[in-house]
Amino acid sequence: MTHFEDGSAVMVDVSEKADTVREATACSSLLLPAPVLAALKAGASAKGDPIAVAELAGIMAAKRTSELIPLCHPLPLSKVAVRGELDEATGRVRFTATCRVTGKTGVEMEALVAASVAALTLYDMLKAHGKGMVVAETKLLSKTGGKSGPWRA
Amino acid sequence: MTHFEDGSAVMVDVSEKADTVREATACSSLLLPAPVLAALKAGASAKGDPIAVAELAGIMAAKRTSELIPLCHPLPLSKVAVRGELDEATGRVRFTATCRVTGKTGVEMEALVAASVAALTLYDMLKAHGKGMVVAETKLLSKTGGKSGPWRA
Amino acid sequence: MTHFEDGSAVMVDVSEKADTVREATACSSLLLPAPVLAALKAGASAKGDPIAVAELAGIMAAKRTSELIPLCHPLPLSKVAVRGELDEATGRVRFTATCRVTGKTGVEMEALVAASVAALTLYDMLKAHGKGMVVAETKLLSKTGGKSGPWRA
Amino acid sequence: MTHFEDGSAVMVDVSEKADTVREATACSSLLLPAPVLAALKAGASAKGDPIAVAELAGIMAAKRTSELIPLCHPLPLSKVAVRGELDEATGRVRFTATCRVTGKTGVEMEALVAASVAALTLYDMLKAHGKGMVVAETKLLSKTGGKSGPWRA
Amino acid sequence: MTHFEDGSAVMVDVSEKADTVREATACSSLLLPAPVLAALKAGASAKGDPIAVAELAGIMAAKRTSELIPLCHPLPLSKVAVRGELDEATGRVRFTATCRVTGKTGVEMEALVAASVAALTLYDMLKAHGKGMVVAETKLLSKTGGKSGPWRA
Amino acid sequence: MTHFEDGSAVMVDVSEKADTVREATACSSLLLPAPVLAALKAGASAKGDPIAVAELAGIMAAKRTSELIPLCHPLPLSKVAVRGELDEATGRVRFTATCRVTGKTGVEMEALVAASVAALTLYDMLKAHGKGMVVAETKLLSKTGGKSGPWRA
């Protein structure tokens, strides 16, 4: 376990690591039962856009990752973007979050937090319209920068 | 959309609702590829317990739900418990979170946030051991209290 | 000075006050020089709504009032709504924020913080389009509840 | 709208921008009706200084700008100073806030948030002494650093 | 261990407990080596009062106790007061913090956090004037309310 | 007073200081009366480790130092470790916290906050087992980096 020293949790030392541009992209999907999907589509045609609210919540959550995840380093994020897209065929909204930093550690957790909180925010706004929503498949899609080089799911 | 008034997002008025005891339980699972599962098992036999860290992170996140989810009401939570259990057969750690409040709104979102952040925290601590982890199936398991009565998935 | 005891600042004791429904409405306006106004109008016709972002930021800020204003009591807000309206004739966007609580103190500061942060958020999104914006006239419009009864500006 | 990409809000990418010393100064004024002004003057002659409390609240708020303003970048501020001055002739307290950073983006929003929260904090401490206070003229006074060079109102 | 269930930490259930007025008072002292004491006394005779800054920091920290102490319940504090007093004879500043709430749990931790953060804040402001300061004797002085009745150290 | 300019508190300008690796170590001890010590030892032999919870709380608090201590600069901490050790002979748990940063100011306050919050967190978990605990001797043990060079208590 890299996050433990002699049995105690530790925010590991990265002071010797180089400051490089690092980016990560993650996704999270909210599965919508039929009545909830119908409500979302009806609402989206009126004024008021719950997906836009969820995207913004994701951006703001990314900036608080080090408060939520105990052993994450605080990072001066240089970019955060979250996009939600409704796939009517499969009845889901898929949020994709990209974070970037010039720093000593990667931003996977920031991207994962952003995508997760976006999905949960949409859940909150739709929960009056039906039970049974599920946040599915929160995962990393790609990362670049740092010693280990680029990676893609 | 209940969370919009004339196109603007709103934290809906609950001032007329009764203060009742409300409880919700949610879960979230982290799927571990074989090398990561092996590392977790090896680490758990040594001192230092990443699942305990994740549980604690979930408890703390529950208390910050209204900061993360823009239209959630701040609630004086009266109980939060998060438990993570490793299921070796399916290679996953499943976090179950229960929140309780005496208040005017339910605590589904608090339980979902707690379970999600617990899973993401474990992800953070295990990510040095391998790629390909997925947070799967974050969902509500049950809720009680409030006008709509008990519900179970 | 009601907020000082023997020269030390104090969050004054409200434990003897009754829990009543209290509401307050405040406003804040952002004055837009002509080029900025033009950019806002051009952007609003495309996808992406900066006023909606500002409204949401105001709602979220209201919930953090007691963190920002040192002697404010933490309050379980039961409603927050923020609306921004563009008045092209006078070149301003006026944000109106309403907060409600069942509690021992009023919510004037919450409404004022919500309106102010909404105006500042719009400022942030428009500042690339020109200098000279001003946040003007942040003030209370009305309050109800509590011992002192209703008040209107 | 620079803060939107294909209709979604985004915290824009600044990773290619240079780290330079940037500074901004903003002001915000609280207008005091006569009874409130009298109370402030009476209090200031006793022990306990509400303007000092407001200055400190402004400094602390500056550090939280990126939590309040959704699309602001987190910045490692290297200086924050807030000064409030009572102008008896015009019945107002004017707060001037200066922020500095070595970073990739400017600190206008930090200075504006600091000045605004200082004015709102004084409002909170004086509101028991009379109705009708107004926060007026929150605006940028000057900025230096960055590609666009120095600017002065 | 009351804060553990089957080995997992838990924010214990207080939903069945009565809402009563509860108060706690705690203290924390900062011991000042002679050169630091001299600097404090010299500064206090000029404008600018570091003890007042520390008192305010303590008040603000009390409101964030449930964010800092993982298993503390969020509480709607109804009063917080912090007072620092210089005892020249023993070369220390002693901070006394009192918190009050109408709630289901006591406010010992809130009072202890307030006194501790006040002492640490003064430490921060004086540390340029000499080494060797110590925060000593942070402890509860008294508590009232709740099932266990009044207690005094 | 270095933290005041013309009587107003200020977060002092460090923009001209060099970015160097800086480290600080601080400690804080919780003194346990006999019944509390007995409860801790009994609990530690069962599942559930309150010292581990306290260590984690200390790590998380270190990251929020600039929110708690008004005139502290926000810092991108590159390492935080907190270790608690029970000394049965003297009936105390001593927490030692080490923080590291590559930055313009030292991390004494971060280490002191981490150690203090760890001690207070253990206090919270043990307070049901007896009165009379005291947090004693919170102090700096050593620091390195920066213009003033290494220092050791």
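The chains carry the letters A, B, C, D, E and F, assigned in the order they are written, with residues numbered from 1 in each.
FYI, a residue touches a chain if its C-beta (ideal position, glycine included) is under 8 Å from a C-beta of that chain, and two chains touch if they have at least 3 such contacts.
Here's who's who by UniProt: A, B, C, D, E, F = Molybdenum cofactor biosynthesis protein C.
A quick note: this is a predicted structure, and the numbers were derived from the prediction, not measured.
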Intersection of the contact lists for subunit A and subunit D: C, F
Set of chains adjacent to subunit B and to subunit D: A, C, E, F
Repeat of interface A-D, chosen from D-E, A-B or D-F - more than half of residue-number contact pairs shared: D-F
Centroid distance [mean C-alpha coordinates] between subunit F and subunit B, Å: 29
Distance between chain centroids, defined by C-alpha means - subunit C, subunit D (Å): 15
Approximate Å spacing (C-alpha centroids) for the pair subunit B, subunit E: 31
Residues of subunit D engaged with two or more neighbouring chains: 6-9, 52-53, 56, 60, 64, 67, 70-71, 74-76
Chains grouped in pairs wherever the two touch, ordered by label: A-B, A-C, A-D, A-F, B-C, B-E, B-F, C-D, C-E, D-E, D-F, E-F
Residues of subunit E defined as touching subunit C within the complex: 21, 52, 55-56, 59-60, 63-64, 75-84, 100-102
Subunit E residues touching subunit F - in the complex, by the definition given at the top: 1-4, 6-9, 28, 39, 43, 46-48, 50, 53, 56-57, 60-61, 64, 67-72, 108-109, 112-113, 116-117, 119-121, 123-125, 127-129, 131-140, 151, 153
Touching residues on subunit F, where the partner in the complex is subunit B: 49, 52-53, 56, 60
Footprint of subunit F on subunit A - complex, ascending: 5-15, 66-67, 70-71, 73-76, 103-104
